[in-house]
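Same chain, two partners: chain A is paired with chain B first, then with chain C.
On to the complex of A and B.
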């Protein structure tokens, strides 16, 4: 923690950046913090309650944040993948942001959860996380941390669903998606959802039902997952933001596995790799096409 | 959503929507017609410039609005009028198909095919086999009627 604060102070004092985007402890748990004053660097923390993906603030659509000037951002390895995605897709430039990488030992599901990290409260994606420190970073702070204890990985849940019959799967998903009110929190919080005009807002014709009717559930949730094919950084923010507790991460995880199996593509924090959508191979498998 | 279509004897007849590319499959379907090839009349054809234009949302939208099956068809690889539209589409459909299966839309309800402008016979086969397959699967409903 002191290492992080020292570094933040140094970056501000040397005027390398005009603000640090990190985490602080707030009334309702850990929350994002913008630090512009050297004296405020004391507020910065990093622990297992720092759930937010701060890369979401880097989207060029957020002009009030761009107006702050050059930023230093605290990134876990999943957040660094999002920054890499933004660079890869020409949303930001690498030199416009200073990345303070933190070694992460997993985070809790809910930032307000003050208990120590355990199998009971660890975020599901962190259990199977293979990368605990970012490669794409200008600085790296903190000691290496062990993988969090936990069970019931999402892949096990995926296999469970895959073993069901088509009818059972449809019934399950219609039930899981039923509480969706189309609030689009999953989109707003997503660092990779940065379209100026989202398909969900197009009303002539209305592609995605705007009313919270079950009719539009598949159109919205499948389209959201597909638009993130080969782009989802698995930061789990959609699932955390969802007020209806829909396991959105399962859809994203499924797509990520398909992309990995079919095209050998795994989302990493290297901005130079091409994405699987938007590129193609002449001999891509087409066993499903007559 | 419209009620499932039935014929005189009360048997279920599927409604199937086909999204086809203008340059190959639409012309191929036209050829099937002008060649007087008999085929199932359950399929409604929607012509688009290219398979690259066929958004996976079209397929979901068709199911949402009462289709029981969908056909997606375009130019064979290397034949795309726009050079690479079908290559891009192939990747999108491959991913879509698995996700669709994962949420429980039986993949047998969606046929993907390459039909060239000269393959009127193949188009008739695709139409007939898809219609028969969806007829076996029965009506499709994604959500309970309110």
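On to the complex of A and C.
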């Protein structure tokens, strides 16, 4: 912790950045913190309750944050994948941001969970995660951490759903999406949902109905999942933010599985690797064109 | 009025069966069905076994019962040069809500003010009229609850037609409104008059909630009226994602969007859907100008509307302290700390 705070102080004092975007302890668990004053660096923490993906705040569309000036951001390896995505897709430049990589042994599902990290409360994405520290980082802090406890059967449910008939799958998703009220929290917290104007807000024509009825909800969630194909960084923020508790990660991981199978592409924190959707190769599979 | 009655747990179960058999829609806290994660939500139940009266606070407020997340206003059809408007059926089914939380019941009454203000919202009042609310005193609370800070309490009867207080063996029933009397008349046999006061199981809860937040809404309002440009807004709103989850789980947020949904070249439906002032699109003008240009302005609006604008217009705080906005926020925005900070500032206690 002291290492993180000292680095933050140095970056502010040397005016390398005008604010540090990290984590602090709030009244009910950890939360994002914006530190502009050297004295406030004491507030910065990093522990297994730092669940949030802070890369979402780097979108140039967030004008009130962009107004702070150059930022240093605390990133876990999953968060760094999102920063790489923003660079890859020309939303920010690498030199626009200082990345404070943190060594991470997994985080809990819920930032308000004060218990120690265990197989019972570990975020599902962390169980399968093999990266204890980001590659994309300017600084790296913290002691090396062991991999989190938990079984690696995270995608068992996904395989179960894949084994269903198309009709059963449709019925299942209609049921799972029924509680959606279209608050769009899934989109707002997503670091890769940075469109200037979301297709769900377009009305001439209305591609996706904004009404939270069966048609609108299905159109919205399927479109969002497909738009994140080969782009979703699997940070789990959409699912965590959903007030209706919809298992959105299942959709995203299904799409990621298809992209991995067909294009051998797995989203990583390397900004220079082009995405399948952003490139063309002569040997791309095209049997679906008839 | 205000007759005290006793409703045993067995009689409550029987009452639920009676209501269902009579064709009344019964809504109660229940397990969300068919979902990957189990949660508690207000939903229509068919039998007493589905009712969950001692579980956690339902994840969504009760407002959806009288104000559905989406509803049709009318249908239109283009016929040559004329547009024909067709009414949609507006029969409101008789509904009884069992086990509403006091914060949710009060929310309905608070929102009545705006729904009946310069235009009487027939859909809201149609369903309000058809809905009888049997609220129940809270038996649990958590660190996000703050109803006592906005003039309510875990035993507040606002918005309730009956108020149930859990006692040994069942519930003590306060019949609060004429609508409550009407239900009692029909099911009197289930609710004999109470013989003597039974000890309530809700003791101590009010102090627990008050310990979370102890502020004065009038003092907060005074500060808000003179601090539109305070640096607090910028600082606090930084972490806000502008997602609007807070508004969608709020028992008193009531803003809606109106959309036309064509179902062919010449016909369609006009619907209204829940909306939130936390999104950029909410105030985006056709010209491209947006008077609330960033999240600082949008978050300020949320607090101003609830604790200054609405109280000025209707004498009511547009918040019932249910704490859902605190619980759902992915960014850890904590209305409890923010109100505490504003209240401290209003008393001259340092930086807001």
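In the analysis below, the second predicted complex is superposed on the first by the 283 of 290 C-alpha atoms of A that agree within 3 Å, B and C clash if a C-alpha of one lies under 4 Å from a C-alpha of the other, contacts with A are read in each partner's own complex, and residues count from 1 in each chain.
Methods note: a contact is a pair of C-beta atoms (placed from the backbone, for glycine too) under 8 Å apart; a residue touches a chain by one contact, two chains touch by 3 or more.
Just so you know, these numbers come straight off a predicted model, no measurement behind them.
After overlaying the two complexes on the shared chain, residue contacts for A:195 are found with neither chain B nor chain C.
By the document's definition of touching, of the two partners only chain C reaches A:175; chain B does not.
When the shared chain is aligned, chain B comes close enough to touch A:229, but chain C does not. By the touch criterion defined above, A:280 lies against chain B but remains apart from chain C after alignment on the C-alpha atoms of chain A.
With both structures placed on the common chain, the touch criterion links A:1 to neither chain B nor chain C.
In the superposition on chain A, A:162 makes contact with chain B only, while chain C stays out of contact range. Residues 209, 213, 216 of chain A lie at the contact with chain B in one complex and at the contact with chain C in the other. Per the touch definition, chain B reaches chain A in the complex via residues 1, 56-57, 60-61, 63-64, 77-78, 84, 87-88, 90-107, 111-114, 126, 142-144, 146.
The part of chain A that touches chain B in the complex is made up of residues 161-162, 164, 166-174, 199, 207-209, 213-219, 222-223, 225-226, 229, 251, 254-255, 258-259, 262-263, 276-278, 280-282, 284-286, 288-290.
Residue ranges on chain C touching chain A, taken from their complex, read 32, 34-37, 39, 41, 59-60, 69-70, 143-144, 234-235, 237-239, 241-245, 247-249, 257, 259, 261-262, 271, 273-274, 276, 279, 281, 293-296, 326, 328, 330-334, 336-337.
For chain A in complex with chain C, the touching residues are 26-34, 52, 56-57, 62-65, 68, 111, 157, 175-176, 179, 181-185, 187-189, 201, 203, 206, 209-213, 216, 237, 240-247, 250.
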